[in-house]
C-alpha cells in the first residue's frame, strides 16, 4: 500500500479539471458560464434591441433616469438576496418599505429633524426584519407563512398609523437626495452602488457570507458544524429589513410623500431580480451583482417598452415573454 | 459499567435519547481514555451515531450527564464542542453541497485577515492550506474550487475526514470514516488515525469493520439495540468474540 | 325609536379617495343619528373579498345597505339575501348593473355618484384651454382594465378628440412612483410634449415630480381632488384637478339610507358634485376640504327636513 | 454468522415503534400530530372564538354563506397543492383564473352556449398550466420565474382579448350554479367537495400521487428510479391550470361578470392555505384536506372579523397575527 | 479489451462520459456475463459509479454503445432499464426521504387494483409484501410506515438493497451495497448475492472490499483514473494483485 504522505494529490489524467482559472475561450464555450451571467446577457441584449429600435433609449439623460428609477429595486433585491440565500423568502419586503416611508413621513411631520425621521424609519424596518427572523427561527414556522403574516400585519399597521392618508414630506435634504447628482450618477444611484459593494463584500469576503450560504445550503449540516444557523437567518432578515428602510428613504425622496399603499410589483420584481440574477430559491447559492443587474434589466424593460410606445395592454405580455426568455439563458445552470 | 475515571477525555453516564416514539438508546455509560483510540461497534440502528451526536452537541440528550476534559455539561451545541476541541466526521459527512471543497474544509473555522475592526476572509491562505491538507492525506479531487455536490462518494468522505483532522483537536470523532473509501484511501486514513494517537490526540471510531477496529483501537465498546452491551480491550478480544457481542449470541 | 343601522361597504381603503368617502359616511352617520358600520375590500382588485365581507354583513340586522362595488356585478350575489329581507340598497360611486340586479331580484333604491366620463371630459376641456391646438399630450391610466380609469380616460379623449394629439397612454397602477418613472420615460421619448392627464391625483403628483425634474413647462391635470393635490395646485406645481367629493358621496349615501330605511321613495339617480380646481380656487377648496368650496345640490337634505 | 433467512425482523426492544396504528392518547400527546392538523386546530379555534363573540357567526345561514365564499379558494388551493408538492409554485394561478373568466365571458358573449364557453375556459387554463410545466421542464427554468413570466403574459393576453372591459355573463345556468343548492350546501360547495375528494384519491390512492411526492422530494432519486419526473411536473401544472378553470367558472357565476383584473390576494391566499395545510414548500409532502381547511380558515377569518365589525384598518393586522399564530401550531412539524 | 461476447447480459464498448470540464471516464469497454457476479473495483473517483449510471440509463453517455440482453441501445432512461429487467442499488441509495419505507420499496413498481379504467394503489398488499421482503433479508426498521429520512445509515442502505432484489430482475447492479452495513447485515447481503447467482440472476457489484469481491465474484474489472485498466477472473487473482491493479503499481 502506498505511503499516505508521499502521494501528492496529482489530479489524475482523466477526471481532472485545472485548478488554475480556466482560459477565457474555455469559459465562453461553457454553457454554465452563460448561465451564471444570464442577467448580464439579458441586460446587454435588451440594451442593444432597445437602442436600435429607439435611439433615445441610449441617450445619456435616459440612461441616467433609468439608473435612478432602478435604484430602489436594486437595494430591495439585495435585501431579498440575503434572505433567499438562506432558502427563505421575504414577502413582507414591500410592506416594510411602505411602513418605513410612513414612519419617516409621520416623524418628519411631527417636527423632528429629517435625519431622525430617516433613522427611525430604518430602525423600524430593521426591527421588522429582526422580528421576521425571530419568529421563523424560534417558532420554527415556514418563512413564507411568517412573512405573509407580517405582510398583512404591517399593511394594517401602516393604515392605522397613517390613517390611510399620504403624508407630504417636503424636506430639502430628501429633495437633494432625489435630484442631486455626483459625477455621472444621481445620489440614489450612488446609494445603490454602495449597497452593492458592501453586500458583495459581506457575502464573499466575510465569515458571515459563508455561513449564510451554508445555512441556506444544508441547514442540518451547517448546524452540525457549529454554525449558529438561527442567528444567521435572523441576521439575513434584519439585513433585508435594513435594505427596506433604505429603499423607503429613497422612495420618499423620489415621490416626495409617504403613501400608505403597498407596491406589490416591487415585491414580485425583487424576487424576480434575485432569481434572474442566478440565485437559487432553494438557498445555498447567491451573488449580489446578479440580482442588481436583474433589477436593472427589469427596470430597463419597462423603460424601453414605454419609449417604444408599446400599449399598456401589450406591455405585460412583452415583460412576461422577455423574463422567460432571459431565464432560458439560465437553462444550463447546474 | 464503570464510574467516570479521571483519565477519560470524554465520558457519559445514564445517557438516553429518543425521537418521538423511537428510542435511539437508553441509559448508556461510555468513556474514551485520553490518548487512546476508542471504538464503538454495533449493528445497524443500534444507536451508535445518535450517541456520537449527543456527545458532540448536535443532539441534546433526554437524560444523563456528559463530562469532557474534566468539565461537566461542557457545551450545549456543536459550536461549543468544536471550540472545546472536538472535531467530528459525521456519518452523513455534514458537507455543504453548494460550497467548494476549500470552503467546506474551513467551514466555521475560516481564516481571516483583520483590517481595523473588520475581518475579511483570507481566501488565498485557505486555498493554500486546503491544498496542503488534502495532499497530506493524498486525496484526489478534481479541483479545490469545485462544489462538493458532484464529487464521488469517496471524495466526499475524504474531505469530511480531512476537515476533522486538520485543525489540531483534542478529540477526533469518526463515524464510519472509511465506509466509502478505496483500499488506498482506507490505508491512508488508518495511518492517519495511528498518527493522531502518536500525537496523543484521542480518537473515537465507529466502524463495522472488525478487523479495522482490532487493528486500530485500544478499547472497544459494543452497542446492541439501544444499550451499551459490553466493553473490552482490543488486545484481549477476537473477531469472533466481537461478532458474538454485537449479535448478542454471547 | 331606535337609531337606524346602516351597513356600508366601500372599495379598498388603500386609496385616500375611499378614506374620505368613509369619513363622509361616518361623520354624516353621527350628524343624522344613524349607526354605521363601514367595511372595505382588502385592495382595489379584491372583488371576491368585497363580496365575502358584504355576505357577512348581510347576515346581520341592518336597516339599509350602502354599497360601492369594485365591479358592476361583483356584489350582486351577496345582495340577494339583503333583497330577500327586503332591506333597501343604496348604490354609491360605481354602479351596479341594473339588469343583473333585476335578474337577482332586487333594484337599488338610488344611485349617487359622479360621472367619470364627464369628469374626464372636464379635465380635457381644461387642457384645451391650457395648451395650443394640436399639442401632444400623454395619458397615465390606473390599473389596466379598471372601469373608473377607463371611463376617465375615455372622457378626456372624447373632449380633446381632433384637437390634441394623444401620443401615448401608459398604465401606472394608481401608484405614484410608477407614474413618476413612466412620465420620466415619456418625457424622454417626447421632448415636445405639452401636457399630461393622469386618471387620479396620486399619479398626477408623481407625474408632476417628473415634470419638475425635467425642468420643462408641461401641464399636468389630475382627477379626484385629494388634499395633497389641492396643496400642490395652490403652490403652483400641479396645474389643475377635477375634484370629486367622495365625502359628499358618502354623506349623501347615509342620508339616502336613512330615508330609505323609513320607506321613503328616492330619486333614481342623484349626481354628486364635480368641480374643476386650478390655482384660482384651490385655496378656497382647501379650506373647506373635504367638503366642496361652496354649496351643492342635495335632494336628500331637503327630504330629511 | 447468522443465517439470513431465519432471522425475522423482530423490532428490537429499544428503538422500536409499534407497526400498528398508535393509540389515540399517544397521538394526542404527540406534537407532530397537532402540527399535521394545524389548519384544523386553527379553524376550530377560530370557530369557537368567533362563535362566542358573535353568535350570528354560527347561524346556519352564515355558515352556508361562508362555505360558499370559500369554494373558489378551496379549488385554487388544491391546484396549488399539486404544484407545491413537486416543490414548485404557481404564481400564474390567479392570472389564469382571470383569463379563464374572460374567455368564458367572450365565448358566451359571442353567442356560443354557456357549456362550450365553460369548456373552452377550462381548456385554456389547463393549456396555460401545461405550458408552464413544459417551459419549466424543457427549459430547465426555475418555477418561480416561469410562472411570474406567465403571470405577466396572461395579464397582457387578458387585457388584449377583453379590451380592458369587463364582460357581463347573464347565463341562467351560471346563476343557478351560484345561487342554487342541493341539500345543505350550495352547488359551488359541492364542486369544491368533489374537487377535494378527487384530488385526495389522486394523491393518496394512485401511482401518480406517489410519483408526485417522490418528484417533489428528491427529483434526482426519483429520476434514477425511472419516474418520468418531467411528465409528473407537467401534469401537476396542468392540474393546477384545470383547477384555475373551475375556479374561473365559479368566479364568473359568483360575480356575474368576467373582469380583466387579477385578484392578487387570491394568489397569496392560495399559497398561504397550502402552507397552513401542512404542505412543505420544499416539496415531497402534501395533503388535500389540510389546504382545503386552510382555505376555509382564511375565509372564516375575513367573515368573522367583518361580523365583529373590526374596522377595515385593523383587519389586515388581525389576519396577519392569526396566520402566524395558526402556523405556530405547526412548529413541531418535522 | 474483448469484443462483445454473446453470453454477456450487458456489455459496452467505447463508452465515454464527461461533465463540463471533468472527464469521469473515457473509452471504456466492459461486459458482465449472464448468471455471473461481475465486480468493478477502483480507487475513489475512478469513475465506477458514473459507468454504472450510464449502464442503467441515468446518464446518457457521450460516446460508445451499450448492448443489453442482445439489444443495442436498449433504453434511454432508468424507466426503460427497469422495465428491461435491471434493478440498481445506487451509491446514494436513491431513497425519497419524505416517503415511508413501504412507499420507497415499491416506488415506480406500485401494486395496484384496477377498478374499471382506474388503477388504485393496493396499499395493504404493498405493506404486506414490504414486510416479507424486509424479513427475508432480516432488516430491522422501526416501522414500515416510518419516513426513511430519519433511519440510520445502515437501515437506509438495507432498504435500497431490498428494493433492488425484490422484483425478479435479470440483472441487479449494486454500487457499494455493504458500505454502511453491519457485520451481520453484510453477511446477509453476501448470502443474498450468492442466492441471486444460484437463481441465475446476473449481478454487477461495485465494492472497495477486495476480500468480499474475491469471495463473491466470478470476474473482476479494474478501473483506474477514468479508464478500464484490467480484467481478471476472480479465481485466478490475489488480493495483492488487485491492489496493484487498482493503484497502477502493476
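Letters A, B, C, D and E mark the chains as written, and numbering starts fresh at 1 in each.
As a convention for this text, a contact is a pair of C-beta atoms (placed from the backbone, for glycine too) under 8 Å apart; a residue touches a chain by one contact, two chains touch by 3 or more.
Everything numeric here is computed off the predicted structure, so don't read it as measured data.
K.L.:
Compared with subunit E, which chain's mean CA position is the farthest off?
P.N.:
Max centre-to-centre separation from subunit E belongs to C.
K.L.:
Between chain pairs A-C and C-D, which one is joined by a greater number of C-beta pairs in contact?
P.N.:
So, comparing the two chain pairs, more contacts are at C-D.
K.L.:
As a quick test, compute the distance in whole Å between the mean CA positions of subunit C and subunit D.
P.N.:
The mean C-alpha positions of subunit C and subunit D differ by 35 Å.
K.L.:
Taking each chain's centre as the mean of its CA atoms, how far is subunit B from subunit C in angstrom?
P.N.:
71
K.L.:
Using mean CA coordinates as chain centres, what's the gap between subunit A and subunit E in Å?
P.N.:
Computed from C-alpha means, the inter-chain centre distance equals 46 Å.
K.L.:
Provide the list of subunit B residues touching at least two other chains, using ranges where the numbers run on.
P.N.:
Within subunit B, residues 21-22, 45-46, 92, 140-142, 146, 183-184, 243, 247 contact more than one other chain.
K.L.:
Multi-chain contacts only, two chains or more: what residues does subunit D have there?
P.N.:
1-2, 12, 15-18, 155, 159, 164, 264, 280, 312-313, 315-316
K.L.:
Find every residue in subunit C that makes contact with two or more other chains and list them.
P.N.:
Within subunit C, the residues that touch at least two other chains are 13, 144.
K.L.:
Show me the residue ranges of subunit A that touch subunit D in the complex, using the header's touch definition.
P.N.:
For this pair, the touching residues of subunit A are 87, 91, 135, 139-142, 144-146, 148-157, 159-160, 164, 264, 268, 271-272, 275-276, 280-282, 312-321, 323-324, 327-328, 330-333.
K.L.:
Which residues of subunit B touch subunit E once you look at their complex with the stated criterion?
P.N.:
19, 21-22, 42-46, 49, 91-92, 140-142, 146, 150-155, 158, 176, 179-186, 208, 210, 243, 246-247
K.L.:
Enumerate the contact residues on subunit C facing subunit A in the complex.
P.N.:
13-16, 19, 141, 144, 167-171, 173-178, 180-182, 184-186, 188-189, 202, 205-206, 209, 213, 226-228, 231
K.L.:
Spell out the residues on subunit A that touch subunit B in their complex, using ranges where they run on.
P.N.:
1-12, 15-19, 201, 204-207, 209-211, 213-214, 216-218, 220-228, 280, 284-285
K.L.:
Show me the residue ranges of subunit B that touch subunit A in the complex, using the header's touch definition.
P.N.:
Per the touch definition, subunit B meets subunit A at residues 53, 58, 77-83, 88, 90, 92-99, 103, 107-108, 110, 112, 118-121, 123, 131, 134-146, 183-184, 187-188, 191-192.
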